[in-house]
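What follows is a set of structures for review.
Both of the next two complexes hold subunit A, though its partner changes from subunit B to subunit C.
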Partner chain A sequence: MIIEQLAMLLVLLPFAVMILSSCVAIRSKSRRLALWGSLAGVLIAAFGATIVMDLGLSIPLLGYLTVTPLSAFFLFLASSGTALVEILAFRYSEQFQEFAFFMSLSFIGMFLIAAAQSLLPIIIGFELMTVSTAFMMLVHGRKRAEAAIKLFIFGSLAIAVFAFATALILQYNPSLSLSAIPQYLGYIAMVSLALFLVALGFETASFPFNLWIPDVYQGAPAFVTAALAGINKKIAFLALIEVLFFVFTAYFTSFYRIVEVLAIVTMLFGNILALKQKNLKRLFAYSSISQAGYILVGIAVGTHAGLTASLFYIFAHSFMIIGVFAIVGFLESHGINTVDDCNSLYSRNAFIAVSLTLIMLSMAGIPGLVGFFGKFILFTSAISAGMYWLAVIGVLNSFISIYYYARIVNASFQRKNERTILIDRYVQMVVVFALAIIITFGVFPQPLISMASAAASFIP
Partner chain B sequence: MVPLTLAIIAINIVAIVFAAFVRGRAKEISIASAALSLAISLYMVFLFATSGAQSSVTYIPYLNVALSFGLSGISSVLLLMAEIIILVTAVSGNTERAGLLASSALISLFQISAVGLFTSTNLLLFFVFWDIGIVAMFLMINLLGSEMRHNASVNFVLYELFASSMLLLAIILLYAYLPAHSLNIGYITSAAGSLPLYIKTIVLISMFIAFMTNMAIFPMHLWLPDAYTEASTQGSMLLSGVLTKFGGYGMLILFALPIAANYTGYVAALAIVSVVYASFMLIKQKDLKRVIAYSAMLEMGVILVAVAASNSIATEGAVYGMFSQGLSMALAFLAVGVIKSIYDERNIDRLRDIVSGARSTAYMLAIAMLSIIGFPFTSGFVSEILIFFGSTQSFELYGLLPLVGILVMGGYFYHIISRCFLSRSRPTKAGGSPDITERFGFYALSVLIVLVGVLPFLVLGLLKL
Partner chain C sequence: MLALFVVLPFVLSGVLAMLVKSDRLAGPIALAAGLVSIGLVGWLYLNNPGMQALTWFTAGAYPITLVTSLSQLHIWFLALIAFMSTMVILYSMGFMDVPSERHAYFSEISFFAAGMMLFAIGADLITLFVGWELIGFASYLLIGFWRHRESAVNAARKAVIVLLIGDLLMFSGIALLWVQLHSLSLAYIEANASGYLASAAALFIVAGALTKSAQFPFHEWLTDAMEGPTPVSALLHSSTMVKAGVFLAMVLLPFLIKAGMGPILIGAGLISVIVAVVNALSSTHIKRILAYSTIEDMGLMFIALGFGSLLAAFLLFLFQTLYKGLAFMNAGELTKANNDEMDIRKLVGSTRLAIIVPVIIGVASLAGVFPLGGFFGKAAVDSAVSNYVVYAVLMLVEVVSSMYIFRWLLVPLSNRARSGKSLYNEPRSMVMAVYIVSIGVVASSLVWPYLSGSSRWPPISLLDGATYTLMLLVGFALSYALYYKRIVAARKMRSILSQLSDISIPINTFYGFVVWVASKCGSAVDEFEYYLYSIVKVCGHGFVNISLLFERTQDGSINYYLVMFIVGAIAAVVIFSVI
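On to the complex of A and B.
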């Protein structure tokens, strides 16, 4: 009991630390205080999450929330991702204190979704995340307003649809808890399920609800894009898992085909549109859409193995995309915006060129890096469940993606002597951390697999 | 075996890190790591010959994958061949004197891949090392090659990664459908017969496409001419000497599975088409490097005929052929690289009288060519005898059809030797001579070619173990 209370404190303490420190920091205009406050907060959260995962605890909080290893898995992901984004923002943001404040709010939203035992915290969590991410963009000047408004409008639309879908099943589930609704509800349940898929399709960037993604990713500052792609989207996948597998368990046979089609179309859409992109941010936006398709593969499979694979890939892709946007932001600050600008990047800065190559190889699924085992267990689970086409199209897609990654690699290894660019140590820190995760779990995937597997066993 | 293989991998990783931080000593470091790895592999082969044990360590229990390494007769021959070629490449491959750091680091990376691939007894590990090799070779072409290297390298990597996605598909299918969910090659060989027919067919087709692309068999050979020509000398040596043997080794594994027996005739027919096609492409080429590139494609076709024949003599011939072809191709590309650095020219219409301008280089290229066409007292002779004895056993006289291609190639080689080497009219001006490192490569490879040509039991004894 005492351990549980301590762990509960560990889980709640960070929010207090983060909010308080960023408020004080805004008042006293101290960037460092904001950074250290938020880092301390997320580190405590990550520590608490590790304890919960280690001991396999389930801690009920306030009646609406329960911290399980599943939520701790995502809490760990969110807190380490947040730490990386904060470090990036500390370097590049002129309004870091305000950014840290909104990031803390967003982090609370992530926690609410991760620990949700009811549909209500999920709605509140999405609102917190969307609104504060939009503000994160807005505080960086007028030219970010377009992206912020797009995100705000589409995010609110998604929340409205989500709320409507919740209302449809309200009479069968008056407490709104994440418990299975009975199977014989007929078309009302199907309409609600469809609306949930639409809302979460917006949030997880799956086709056809993802047309706003490239604009927003391109318009936002790179570190906000990293937060959006690396954390917000990943938490949205947890919400999708919660809705589909906690509430609509009985309808699995009806929805898995839909998710399968969504997965296939999302993979193809992202990859095919990425082929011709010139702008780096847009290219990686489309690439992250296609990677969202891979994650959907495991959800469509729906078995324990499939969900394990999905969680594994969510974790892996989160660090890959944060690393990528850290590099892209760094390049942007040196005037490198398009694939052609990457010319002779290797001779200008070898560290950045080699790290970007490694991360892209990992996304393309080259062994020795974490992306390979992610894809391997995803496609194995799909074939074991008899979904051949999912696996075949997935393998072909990772082949297609080679083409646009190879274009960047090809450009960056041109032999030309231009003026060198000096590496920034904050960016270097973030990239080294991401690479450490990518290579460690690429060579020894077992610890991450067992973590994901333990978390996935909490999904009914 | 596991600690030894891991030791080689560790040595090469250390070599890459050292090369990156110790400026100016990259070449020495890569030579030292290649020599150490060759010594360890010799010890591994010795262990295999005396005790024959293979061992494994838990790696990913969730996927039932263990780090299992071991040798067989076939893989020990290929391992030694790869190590010898890599050592020679590390010493003498850099005829362009460019990008020392990148070239040494990539040789070490490629060595990790080659050693891991030829020693792994698990198909997943095989795949892992396969892809590492592809990436190393892609970077080698892209960083060190000549003017058109960017197109050539992207072309190469697209073909090869298409091959590896096909291989991945086959591996996933095998993993999901085999009852024990194990990818151990020994287990797959014993259990693959019980799979449903359509799974067997899909696995066979996708694995065949994968290995065929890597071996550059018609019609999946389109990456080959540019990649070989645009790569640096060391890139071409490793590409032709080691990388295409990945596919050959894979084919040997595939045809040992009980799923390919009904298709050997079609495979042999495709291989013969590839041989004839390569021979007719070869006689149109003016660039010396392209000529050698197409002869490499032709030889791989001949080897595929032997693999498809899949009787014991033909299999020995295929392994012996890969061994011999690896050495001769490496020697040929090294000699062409030296000719390029001496004359700054590779076009056979403009090269004249090489034998007086660059005597040793000309002799070496002649030895390599003789070995490629199977001249007695060179390793190529033994391999071709074995291959054609074996293939006539399985395919009767049709098994001799690849000889047409070899005859055409031999004729063109005679033409090249008489025009470029011996013709004294308007001799091309020579500007230099091979230095000590390149001479080392010449002597090591040519002595080996003649030695295993005269004493074939050195290799065959290992194969029979």
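On to the complex of A and C.
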């Protein structure tokens, strides 16, 4: 019992630390205080999450929330991602205190979704995340306003749809808890399921609810994009899993085909649009859309193996995309915005060129890097569930993606250029951390697989 | 996974040698790594953790497990690798006298040794395959080390093509076994593999082993690989690279024999041996002769393995490592003293005691003179042979074999007798390495019966030993008469030789046929690839056009996105209502 209370404290303490420190930091205009406060908060959260995962605890909170290893898995992901984003923002944001405040709010939203035992915390969590992310963009000047407004409008629309979908099943599930609703409820349940898919399709950036994504990713500062793509979208996958496998678990046979189609079109949409893309940020926005398609593959499979693979890939991709946007933001600050600007990047800064190449190879699924194992277990789970076409299309998509990654790699290792770029140590820190994850779990993935598998076993 | 630590020193030195500022430090760092490795191997010998397994990752229901083993076979192989790599690094510190080359050279050779050690501790096909690929890649770098020479680049390319064919074959074998067994640990394979699928897998794996060990018809790359620096050859031909194929066949021997691969091993070994000795006798390139001799030795090991005698093969394996390393080191000294001349007819040997003693030790052990290791190894192989035809062929081969190796020794010496100059002045580290390896050759010849229980070593019958020595003497006499005393004039000699190499004509014709078939297959693949490329290109254009089409959806207007959102929502509701 004491351990559980202690762990609960560990899980809740960070929010107090983060909010308080950022409020004080805004008053006292101290950037460092904001950074250390936020970092302390997320580190405590990550520590708490590790303990929960390690001991396999289930800690109920306030009746609406329960911290399980599944939520701890995402909490760990969110907190380490947040730490990396904070470091990036500390370097590049002019309004870091405000950013840290909104990041803390967003982090609370993530926690609410991760620990949700009911549909209400999910709604509140999405609101917190969407609104504070929009503000994170807005505080960085008027030219970010377009992206912020787009995110805000679509975010509120999605939340509205989500709320409507919740309302439709209210009579079968008056407590709104994440418990399974009975089968054979007829149209109402089906419409509700459809609307949930629409809302979460928006949150997870699946086609056709993702058309706004590239605009927002491109318009936002790179570190906010990293937070959006690396954390917010990943938490949304958990919400998707919670709704589909906790509430609509009896309807699996109805929805898995739809999720399968969503996965395929999302992969294709992202990859095909990335082919002709010149702008780096937009290219990686499309790339992250296609990677969302891969994650949906595991959810469409729906078996324990499939969900394990999805969680694995969520974790892997989160760090890959944060690393990528760290590099892209760094390059942007040196006037490198397009693929052509990447020419001779290797001779200008070898570290950046090599790390970018490694991360992209990992995304493309080259053995020895974490992305390969992610795709490997995703597609094996699809094959063992008999979904051969899904696996084949997934592999074909990996081939397509190699084309546009190769363009960047090709450009960066060409010619000599004497105008060297000096590496920034904050960016370097973030990239090294991401690379460490990518290579460690790429060489030896078993710890991450068993972690994901333990988390996935909490999905009914 | 204690055993994995043995790889660490060389990995570290591989990284450090590249990063370190001063080029003088690169060599010592690699050397230190080698010494630490020797220490680690010794420690593992005393505290043997045995077989260890580690789940690498789980895909679906089947965990993929990495297994390392430190059986006697593994640990001796590890010891040989650690010792020879260290000696070669010591030797290279003197041999590689161009400062700008040192970083890359010592880094590559460290990675090569690390890959080899990983291979040597593997007891499952995944670990073995990873090590296998690493050494293939590192050897590509090392063979083509002198990039400015076109021949070196070509040789490296040839090697890597042959080796990739081998990798592909081995991978097919592994895939077949996985399909059948869902486990790749050697112990499991040996216990459970059976049937046609297993035989096919065994065939693929044997073919893979033959490519690495440069056996017929995959032997050509090894002789071209002479373009690499001489220490690299000393390493490639002794403890590493070519040994990988034999080692693979050794650890899988019960499985291969069960799958009926014995005759194939014997056949491949026998043809390789014949091709090798004939070519060795007609070649004049000092390192090429040794390369053919390596092919011969590997062939002998495969013959012994084909007859199911693991220990006979291993005995030769052990001694061959030492004497071939020494022979290459001596060849390196000789060529360095002669301004990189490689033709034995032009090389000038030395009779200074400090030089000639290691040379004689190496040659004597290679030829198989009685108290030295080579004798025991080769006689053990002879004793393992239980087929009279094979035995008779081997006897003939041994005469030729002893002829070419004494020719290798005597021709430079006879040149010296004529020109009388001797220009030996090599760096101390080279001399030291040569001495240590010479001591190793002698010591191993003396102590081997006492290592780990003499009862387990294979029997060497007295008769086989005596016959072997007789053949050796015949060969030596012929060699002495022909090449040192030059009883027959050089021109006549050449015509005799050309007649002799007529024997190899059918083999070469066959080889040409193989090449022809391969090139036909190659052009067929090329044709196919062209169509494939066309398809890919058309698809690519298609995708790019679709991309342009899709791009219209990305015009940035919120209205449009909202419309799409709502259309999607309506579509989803409709679809679900229909279901």
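One rule holds in what follows: the second predicted complex is superposed on the first by the 459 of 460 C-alpha atoms of A that agree within 3 Å, B and C clash if a C-alpha of one lies under 4 Å from a C-alpha of the other, contacts with A are read in each partner's own complex, and residues count from 1 in each chain.
Convention: contacts are C-beta pairs under 8 Å (C-beta built on N, C-alpha and C of every residue); 3 or more make two chains touch, one makes a residue touch a chain.
Bear in mind the structure is a predicted one, so any value in this text is a computation, not a measurement.
With the C-alpha superposition on subunit A as described, subunit C and subunit B clash in the combined arrangement. Of the two partner chains, subunit B is the only one that A:Gln414 touches; subunit C does not reach it.
When the shared chain is aligned, subunit B and subunit C each come close enough to touch A:Tyr403. When the two complexes are overlaid on their common chain A, residue A:Lys150 makes contact with subunit C while staying clear of subunit B.
In the overlay built on the shared chain, the residue A:Leu361 is in contact with subunit B alone; subunit C does not reach it. Between subunit B and subunit C, it is C that contacts the larger number of residues in subunit A.
By the touch criterion stated above, A:Leu273 is placed in contact with subunit C alone, subunit B being left untouched.
When the two structures are aligned on the shared chain, A:Leu195 is found in touch with subunit C, with no touch to subunit B.
Of the two partner chains placed by superposition, only subunit C is touched by A:Asp215; subunit B is not. By the touch criterion stated above, A:Ala116 is placed in contact with neither subunit B nor subunit C. When both complexes are overlaid on chain A, the residue A:Ser254 reaches subunit C alone and has no touch with subunit B.
Applying the stated touch rule to the two superposed structures, the overlap between the subunit B and subunit C interfaces on subunit A comprises residues 373, 376-377, 380, 384, 403, 445-446, 449-450, 453.
Those residues of subunit C whose C-beta lies close enough to touch subunit A in the complex are 54-61, 540, 543-544, 546-548, 550-551, 553-554, 556, 558, 560-562, 564-565, 567-569, 572-573, 575-577, 579.
Residue ranges on subunit A touching subunit B, taken from their complex, read 361, 364, 366-368, 372-373, 376-377, 379-380, 383-384, 391-392, 395-396, 398-399, 402-403, 406-407, 409-410, 413-415, 445-446, 449-450, 453. Chain contact summary for the complex, subunit A toward subunit C: residues 149-150, 153-154, 157, 161, 187, 190-191, 193-195, 197-198, 201-202, 208-209, 211-212, 214-215, 254-255, 258, 269, 272-273, 275-276, 305, 373, 376-377, 380-381, 384, 400, 403, 444-446, 449-450, 453. Within the complex formed with subunit A, the subunit B residues making contact are 59-63, 124, 127-129, 131-132, 135, 138-139, 142-143, 150, 153-154, 157-158, 161-162, 165, 168-169, 172-173, 175-177.
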